[in-house]
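By letter and in written order, the chains are A, B and C; residue numbering begins at 1 in each of them.
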């Protein structure tokens, strides 16, 4: 068990991107997915338990090592980064895509009440949004959806982890 | 002390390349080099002590996180399974084939302005591009087109789902 | 009236309206249209006075507000069973936008990669060209963008507009050539299979014309009105 744990840890470490249990199992002959799942859970607990500056999280269906959020200021200082934020316009467009996908540009514009060409292009370039295909209606407009990278960037296991629109509505009315 | 340790750990983790104590000290205000040296030693001992698949080593005067040597075989296997990204050149050639098919090599070269023999061969091997047929003219030039695998990789039902240049232009408009 | 807030913080006319509703502590289900319209127009005037670019969407909303206001003044016909409130559509739109605004705030509050949390860089790509390795997922956008950039650097005369009809034709060409490479000879009817799809018939015909023009296929007919047989122009 400890041997598998060490291998799993080294794989998640080198991968950089989120690594699925299935993918890990392909690399370790003789280890079942269940054993790997156990090793991952044990690793997660280890990192939490010793107050490490690094943690293992479940994002986009895989496991990824990342720094703890309260380390952000030191890392930004080290990397010489200014806190980069997505603009409010980009976040609103992204929110509509995330909840309404697959969604047409015209639908996003109807919700936001503004032209979204520029923000949509920016999100495509950042690979947070992708072209899913075309809608089977006259004119066959392009439909958009979110990417795996979106899940990775926003720390989500999957889309169902987003608060539901109902929850958001209740939040608004209770304000 | 524990706080400094976590910060040091997160910095060595994100840096990738070896990090000197001096450089770490520049990022953490109020921490002396001695404290940082202590934190690093304590981290090294932690990783060793719990038989982690990852360790912190002193290389070239700095500290770096690396996988343990005996993890090499699994990591090699992982790297072999890791998806490869298309190079910029391959993507451009693929784009010309996709939009201009059925197309001859000479036509692709005219558009891209460079010799595409190498990238075209790579795309044929990756099964993204195929030989559609030969022209019955002197030299019997080969005509290229995209494959079913191409549609799969780009998640397309058929080629008509590819966005047109006009549609992309619509995204250019200001915001 | 004080305008201490910055005008460019509004994300559009709906955002501005929501702001006015909050500021006046208005019930969103019962918007005093006259008041809101008045304040909305004052903001637009102010934006213009400050030489800010007032996007067309703000003006469209202004006329919509004025229209609602005038409809509010019309008497309600008593024979109408359920009189429609002219504000309904606007209220629905505002509620929906408000929800997505909240969703955007939720997203912003998450631990964003590259802002709050950081990962290790990707391992260095070894140059080994192993074709058994799976391909990394590519966003179609990257493909189109690559093509657009190449084409935009070409002279205008060479630019060819791509439409989805042309791409449907390419689809059909690829299918026909695949079938023909396998079967060596085919009739038009065999190419069509048992389809009744008119578009497919047209695209098949157009694809054959294109392939003949390219000299990739040859068509033969033994006699007038006889069966047309299609061959590869060049045997492999």
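What we mean here is this: a residue touches a chain if its C-beta (ideal position, glycine included) is under 8 Å from a C-beta of that chain, and two chains touch if they have at least 3 such contacts.
Values in this document were obtained by computation on a predicted structure and should not be read as measured data.
S.K.: Considering only mean CA positions as chain centres, point out the chain farthest from chain C.
M.R.: B
S.K.: Of the chains present, which has its C-alpha mean closest to the combined C-alpha mean?
M.R.: Checking distances from each chain centre to the full centroid gives A.
S.K.: Between chain A and chain B, what's the gap in Å when you average each chain's C-alpha atoms?
M.R.: Chain centroid spacing, chain A to chain B, equals 18 Å.
S.K.: I'd like the Å distance between the centres of chain B and chain C, where a centre is the mean of that chain's Cα atoms.
M.R.: Here chain B and chain C have centroids separated by 28 Å.
S.K.: Averaging over Cα atoms per chain, report the distance between chain A and chain C in Å.
M.R.: 23
S.K.: Hey, what residues on chain C touch two or more of the other chains?
M.R.: 118-121, 123, 137, 140-141, 145, 164 - these are the residues of chain C that touch more than one other chain.
S.K.: Considering chain A alone, which of its residues make contact with at least two other chains?
M.R.: 13-15, 65, 67-68, 71, 75, 79, 89, 114-115, 124, 131, 134, 140
S.K.: For chain A, which residues are in contact with chain C within the complex?
M.R.: By the definition above, chain A touches chain C via 13-17, 64-69, 71-72, 75, 79, 83-86, 88-89, 91-92, 94-96, 98-99, 111-115, 124-125, 127, 130-131, 134, 140, 147-148, 152-156, 162-163, 165, 168-169, 171-172.
S.K.: Which residues, counting only chain C, touch chain A once they are in their complex?
M.R.: Residues of chain C touching chain A: 9, 11-15, 55, 57, 61, 93, 95-108, 110-123, 137, 139-141, 145, 164.
S.K.: Per the contact definition, I'd like the list of chain B residues that touch chain A in the complex.
M.R.: 2, 5-11, 13-15, 23, 27-28, 46, 50-54, 65, 67-68, 71, 74-75, 77-79, 81-82, 155-157, 160-161, 163, 167, 170-175
S.K.: Per the contact definition, I'd like the list of chain C residues that touch chain B in the complex.
M.R.: Residue list for chain C touching chain B: 118-121, 123, 125-126, 129-131, 133-138, 140-148, 150-151, 154, 158, 160-165, 167-168, 170-171, 173-174, 177, 180-181, 210-211, 214-218, 232-234, 236.
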